[in-house]
Amino acid sequence: MSTQLAAQINSLLAAFILLTAFAMLAQRKKLAILHLFAWQGLFLSVSTAIVGFVAKSHHLYISSLLTLTLKVVVLPYILHVLIRKLKIRKEIEAVVNVPTTMLIGIALVIFSYHLTAPIRELSTLVTRSTLAVALATVMLGLLMMITRRHAVTQIIGFLAMENGLFFAATSATYGMPLVVELGVALDILIAAFIFGIFFFHINTTFDSLDVDQMARLKEED
Amino acid sequence: MKIHPFLIEMVQIAVLLFAAPLFAGWVKMVKCWSQGRTAPSLFQPVRDIRKLLSKDVVLAENASWIFRFTPYLVFGVTVLAGGIIPIISTDLPLAATADVIALVALFAIARFFTALAGMDIGTAFGGMGSSREMTIASLAEPAMLMAIFAVSLASKSTSLSQMVLVVSQGYSILQPSLAFALLAFILIALAETGRVPVDNPATHLELTMIHEAMVLEYSGRHLALIEWAKMMKLFLFVVLGISAFFPWGIAVNDDLAGILAAPAYLVMKLGLAAVGLVLIETGLAKMRIFRVTEFLGSAFLFATLGMLSFFILE
Amino acid sequence: MNFSPGSILSASFLLLLFLVLSAPFLRAKQRLLIAIGFSITAVASLLAAFAGFWTLAGGVTYQLVLPLGLPDLPFHIRLDSLAGFFLVVIGLLAFFVSIYSIGYVKGFLGQRPVTSLVVFYALFIAGMLLVVLSDDAFLFLVSWEIMAASTYFLVLFEDERPENRRAAFLYLVVAHVGAIAILLSFGIMAGLATGFSGFEGYTFDAMRKTVLPSGWAAAAFLLAFFGFSAKAGVIPLHAWLPEAHPVAPSNVSALMSGVMLKTAIYGIVRVVFDIIGSFPWWWGSLVLVFGLLSAVIGILFAVMQQDLKKLLAYSSVKNIGIILISIGLAMIFSSYQLKPLAALALLAGLYHALNHAMYKGLLFMGAGAVIHATHERNMENLGGLIRFLPWTSVLFLIGCISISSLPPFNGFVSEWLTFQAFLLSPSLNTPILKLLIPLGAALLALSSALAAAAFVKAFGITFLGHRRGPDQGRVHEVNWPMRIGMTMAAISCLMLGVLPTYVIKWMDPIAEKLTGATIAHSASGFGWMWLTPIAHERASYSAPVAFAGILVVVIVTYVLLHTRPGAIRRAPLWDCGFEKITDRMQYTAASFSMPLRRIFGFLFAVHEEVKQAPPGRHPAFPESFTYQLRVRDRFWGWLYKPVIDASFWVSRMVGRLQQGRIQVYLIYSFVTIIVLLLFV
Amino acid sequence: MSLLVLLIVPLVASLALAFIGDRKLAPEVNILGSAATLAAGVVLALGVYRNGPMLAGGNFFFVDAFNVYLAVLTSFVSVTTAVFSRRYMRREREHGTLGHRRIRFYHAMFQLFIFAMLLCLLTNNVGVLWIAMELATLSTVLLVSLYRTPSAIEAAWKYFILCGVGIALALFGTVLLYFAAEKVLGAGGEALLWTNLSTVSGQLEPTILSLAFVFLMVGYGTKVGLVPMHNWLPDAHSEGPTPISAVLSGLLLNIALYALVRCKVLVDGSTGTHHSGNIMMGFGIVSILVASFSLLRQKDIKRMFAYSSIEHMGIATFAFGLGGPVATFGALLHMLVHSLTKSAIFFTVGHASQMHRSQDMDRIKGLIRGNPLVGWGMTLGVMAIVGMPPFGVFTSEFLILTATIKDAPLMAPFLLLGLGVTFAALFRKVQPMVFGEAPEYQKRLKAAHIPVLLHMVLVLVLGLYMPRFLSDWFQTAVGILK
């Protein structure tokens, strides 16, 4: 497999990642969002593997494996369990005005393209063009957290951001040093447990996961 | 031949002590004539004082030492002031004791204690008198100072002897600054010595009196001293005006002739001054206390004009 | 250790430090604590005064670097003529007040623990002494704020009273804002001194050496003047003063009014004449204008007051004004290189600072004695005390005479000198100043005349007449330490008034150092008895002669009139023949100031209301009247309230930022990063 | 060697405490662990002071004047906080607000938190720094929600999400940094080491670094609590148990600022402009103003002091942004004295709210009469924190302000405004609490004396006499941050 082809595939995957990000932004049903997230993770791990293959840097395989286990298996599973346990599968949440969100998303993509332009000039990697996508994914994840009112979806948005970061790491720089990768993964795992606990607390105290109830602490009166 | 300054000082103080009542009497006479009344004798004030001196003192039960101390202090301060103002000669050992500003302050001491004495016995009248006296004084002081300022600009000095020396050379009364200052000084003097239109020394009509209200409770020798001091104050203000504005005749270099001539000039000037005073007092009516603001305000205005005209015109 | 002003000073500081550290261990024995504590402060302040006197008399400068503070910015101490003079001012009054306190503070025994009072009192004195000694910006501000903080706690001594808390709070805020302004001004000077390559720029020496560009210099001066005025209670920054001084314990108010305000004067003189050095004339006129404003408005407020200590506090504003007037004149003169005149004006101001310390301290101590004896501050409930408090009344009267600037007492000398400075203004060669400055003299005259009115009122209403209001039983004369403290202050008032030539000769090095000219020679050129600021033809005043003259004439007349045994008969009041006079017919504090209120009322927010009780009866036959008078400070509404309202409005607006929903917070981060990225 | 001890002790202690649980000796063990950490820290500091900066664990750890003094500070405050929390937590248990499991959790997490912060400081690796920072957040999130009250959970959730997002952005910045670095240093771990980065900072690609700095600024700025990313801070500080508020305010913010400053140095080295400095100054000023005005209308005592923390972090950030020897010196000193003073204040606040069973400032009254130590402690603490001499905070603010009026005169008025308003606001609230009569509902309690006294004495000493070695330290740190 030539580097060219690898680059092709990689950018294709990048496109998919971006697509999933948008899809999540538009999607209403939690389970669907969860599945989309899992897909994004899958694309990410594959692309990581390919980059690893191209760059012949083997620690990327490990990190791809990590991604696979974490982002595709473990986290979705945990969330799935939570959703079932907390019986919030049915809850359809109001998404603020999808078209507008989409437009903002587009704007973000363009913006991040514009930002990463100079870097693209500098970089010699085959994967350099995907950096824009990575940044866009991060931004979209943030946007998702902003537009959603449900704890679970916010978390998913958060994790989507993380995906974007991983993608940036691999695509921009053929992956961070392994120590860092592992550490990050560990942190995410801990984070997963923590928000797992949180869902229970929130649900028991507010008997719903709608974060809009949690607006008691404020200055204005 | 030379005459020792201390002798002159003595003479001057003696003059002050006895000329003051006479002057007061003279003012009364002129006033009566101008109003077509038969006048008391020129020596009436002297007789009054002597009579009061020989009378017993009736003191309010709750009068404190301040009440008893005040007459002596007032008298003492006034006499001292008399020793400073050049009446017949400028060559006085006491002259350097105080310049005009300090002189004003000396009178202020007398006022301060009179006001306290007025409040000491705790009557409504006493308090009223003190309050009004202090109010008027606080308005008169700035005007007084501006007048002094105007004069001292001309004479480059605030020491009285120096003023006399400078002014007596040349016809500086023609200077507009001094003219304005004189005008202001007259108004202030009326207020300070408690004459119509600010205060009426002749009345005991409760609501119009100011100075009298403070000394209402005095009797005997205390009253004598107070009255005497008051006459001296009037006399001194007239003399002050004379030495500041019409100093001709005051002996500047102590030769016998000058010193002998000086009293003559003095008597003449005093006579005229009394006439002027009477004209004012009969011409004007006593004004309400809150009109005094405007009265002294105009005095201040004149003084300021005097100063400005010095800078602008001279 | 050799015997020098420096060593004496360190001794006094060690004493104070020892007291501060050991006081908490004497908590249990309050009586002992008072006795020991205040004796120590007395000794310490006397030592400080002595050191200051020596320095100024010797005309030498001691410098010292303490290994404290930052290693690269140690504490610099400098004892020069100016510092020496203020050491005397502070130390002397602190000595009197400390002795007074031994008696005064006993009054708190059994009511509350006085430990904190002793500790902060000592800290307060130490702070003031350090302020005048410090020779670098850092130490100066440290001691400056120590002074402020300790007085804050002293004002809060009776902390259960809400008005104390309010006053203390107001005081501390104003003081601190002022301190920050001073800090910034030092920052300018230090920055221009070295450009902050390191810490050297913070020493006053470095600042002296640098010549500031005029713009920066003006900024530095304005900041410093603002800061120091806030401390000195210059109108319109005075609002805290009449709140804080009255509620503090009287010995503390004596020190606050008497000397703490002077540290601000010291600061102005130090910064303007010593550190900056050369300046344009408008600085001086600015100081002059604010001085006049404070002098007139302050004393007018004083006349209006019915609370004895409030009256005294406002009169402090007036006196600070007078000091500033002289300093302003000095600045104008020296900006025109009229060195001797500048020297005269400056010395007049400093002399007045010294005098004011003495008589204001005396008056506050007297007020404290009155409160000690009657537990009453409101003059409307006082009166006739001269019969119960013979000592206090005499001493208080001396204070009143001095502060009303009547000869032969000290207040008059310095004010007379100020007038002389005014009268010399025609020698300025700027027409407009020639015209305007004399008007200032008129305002000064107005303020001093009003002062006389105010203190006739203060003494007359408090000590003369009959007791107004409810008479709480018999009143006793205060104990000996209090009398001694007051007496010493009174004596110094007389001495400073009668022997001005010596004082001026003593103070001359300051003038020489700061303005480059001396006046002692001309001032006493006519003999020690005659004070002749420029030349005896120009003007002269002889306090001794005046004093002796009055005395002699009084005695002579008295003797002459008592040759004949004149019987004195006591009789009830005549009062133009009124029947049954009651105490309630007397003039009250409110009624005394009524004419002035009518004349100058436009300057205040005066609320008068007369209530007829019971209403509805025939108006011709009212049962009783109640008269209520509230004279309020316009500046509060003009200056302070708007600021407060504005800041609360802003804070409401800012509160909107944080309205609880996490999405909004996320949007903040989002927007922030977008914006930043756009800018990069 | 001592470095490894310094890191391992808290980790071990945390595990141990997790096993010990809520036994009788747990608090003592906690104190002991912290004390050991402190000892190691001091030894390390002395070593650095003697032999200058050093690497350890094969380039993995790096100690210089800048981070070692923060490490000592961290371990020291952890000791005092542990001592304080012994009394505090006992009281809480007596009141039944906390069960055994939670106290076990508290102890374990406390030590873990200390570990995370020390790792942040001592690691030489930008990536590891990031990880440790995240770890520090995660370890405290559940401590903030320890009381399980609705508001506690809300606060913790906000803390979790906002800081998570922030830190994620920081990671993006780190990636960019790595991206720029690996061109110069080649791929692999070497490219993320401070030591290497600082040597080659000149060659790093300016555009990328300035881009990276934006992400790092917003990311770590969130944890520093700079406006407008500050919103988690008041909530988290006011709802968590007081010892945690103390360490959050006193230590965590410092750590985040430390990271930020390190990054700034790199960026400046590469861009050669003062751009990043200006950005930091902007954030600083905005934080000072917003915080000071928010202080005016506070009702909850811990919330109020949280805002004051924001303000002080703003001042430090501003000073670092200002640059220059004096300002930087001031900023370093400010980090030190602020964390000492603020944690002392939080100790007293904790006791005060326990005495009145409320954090509502209208209920807290008459502290000095009720408990002199708490009352005077809070009074003097507040005096110190608003910058009254002779306390150390004044020294730092003095240096910073004077430097400001020289280098950025236009900023001075805002600074003046902010400080003035803060002063008025704090005293307006604190004065009624400490002075006046004690209310009848006030409970008596045995306060933890040593921590408060120790901190206040230190701050006082720093204000009056700063030891030579400390200032040398700062000077070298200033040299590092040039």
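Going in written order, the chains are labelled A, B, C and D, and every chain counts its residues from 1.
The rule is short, and it goes like this: contacts are C-beta pairs under 8 Å (C-beta built on N, C-alpha and C of every residue); 3 or more make two chains touch, one makes a residue touch a chain.
Given the structure is predicted, the values throughout are model-derived calculations rather than measurements.
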## Note on the structure
Chains adjacent to chain A and to chain C under the stated definition are D
### Message
Between A-D and C-D, which chain pair is linked by the larger number of C-beta contacts?
### Response
C-D
### Identity of the most central chain, Cα criterion
C
### Message
Using mean CA coordinates as chain centres, what's the gap between chain A and chain B in Å?
### Response
101
## Note on the structure
When centres are defined as mean Cα positions, the distance from chain A to chain D in whole Å is 31
### Query
What whole-Å value do you get for the distance between chain C and chain D if each is reduced to the mean of its CA atoms?
44
#### Entry: Distance between the centres, which are taken as Cα means, of chain D and chain B, whole angstrom
78
## Note on the structure
Residue ranges of chain B touching at least 2 other chains are none
### Task
Return the residues of chain C touching two or more other chains; collapse runs of consecutive numbers into ranges.
652, 654-655, 657-658, 662, 666, 669, 677
### Message
Multi-chain contacts only, two chains or more: what residues does chain A have there?
### Response
115, 142, 145, 154, 211, 214-217, 219
#### Entry: Pairs of chains, among all present, that meet the touch criterion
A-C, A-D, B-C, C-D
### Task
In the complex, go through chain D and note every residue touching chain A.
125, 127-128, 130-131, 134-135, 138, 141-142, 145, 148-151, 153-158, 160-161, 164-165, 168-169, 171-172, 174-176, 178-179, 182-183, 187-189, 191-192, 205, 207-208, 211, 234-235, 238-239, 294, 297
### Query
Considering the complex alone, what residue numbers of chain C touch chain B?
383-384, 386-387, 397, 401, 404-407, 412, 416, 419-420, 423, 426, 431, 434-435, 438-439, 441-443, 445-446, 448-450, 452-453, 456-457, 459-461, 464-466, 526, 530, 532, 536-542, 545-546, 549-554, 557-558, 561, 564, 566-576, 578, 581, 583, 585-587, 591-596, 598-599
#### Entry: Residues on chain A engaged by chain D in the complex (per definition of touch)
57, 115, 118-119, 122-123, 135, 138, 142, 145, 151, 154, 158, 161-162, 164-165, 168-169, 172-174, 176-177, 179-180, 183-184, 186-187, 190-191, 194-195, 197-198, 201-202, 205-206, 211, 214-217, 219
#### Entry: chain C-touching residues of chain A, taken from the complex the two chains share
111, 115, 142-143, 145-149, 154, 211-212, 214-221
### Query
Which positions of chain B touch chain C when the two form their complex?
53-54, 56-62, 64-66, 72-73, 75-77, 79-80, 83, 94, 96-99, 101-102, 105-106, 108-109, 111-112, 115-116, 119-128, 130-132, 134-135, 137-146, 149, 152-153, 156-159, 162, 204, 206, 216-217, 220-221, 225, 289-290, 293, 300, 304, 307-308, 311
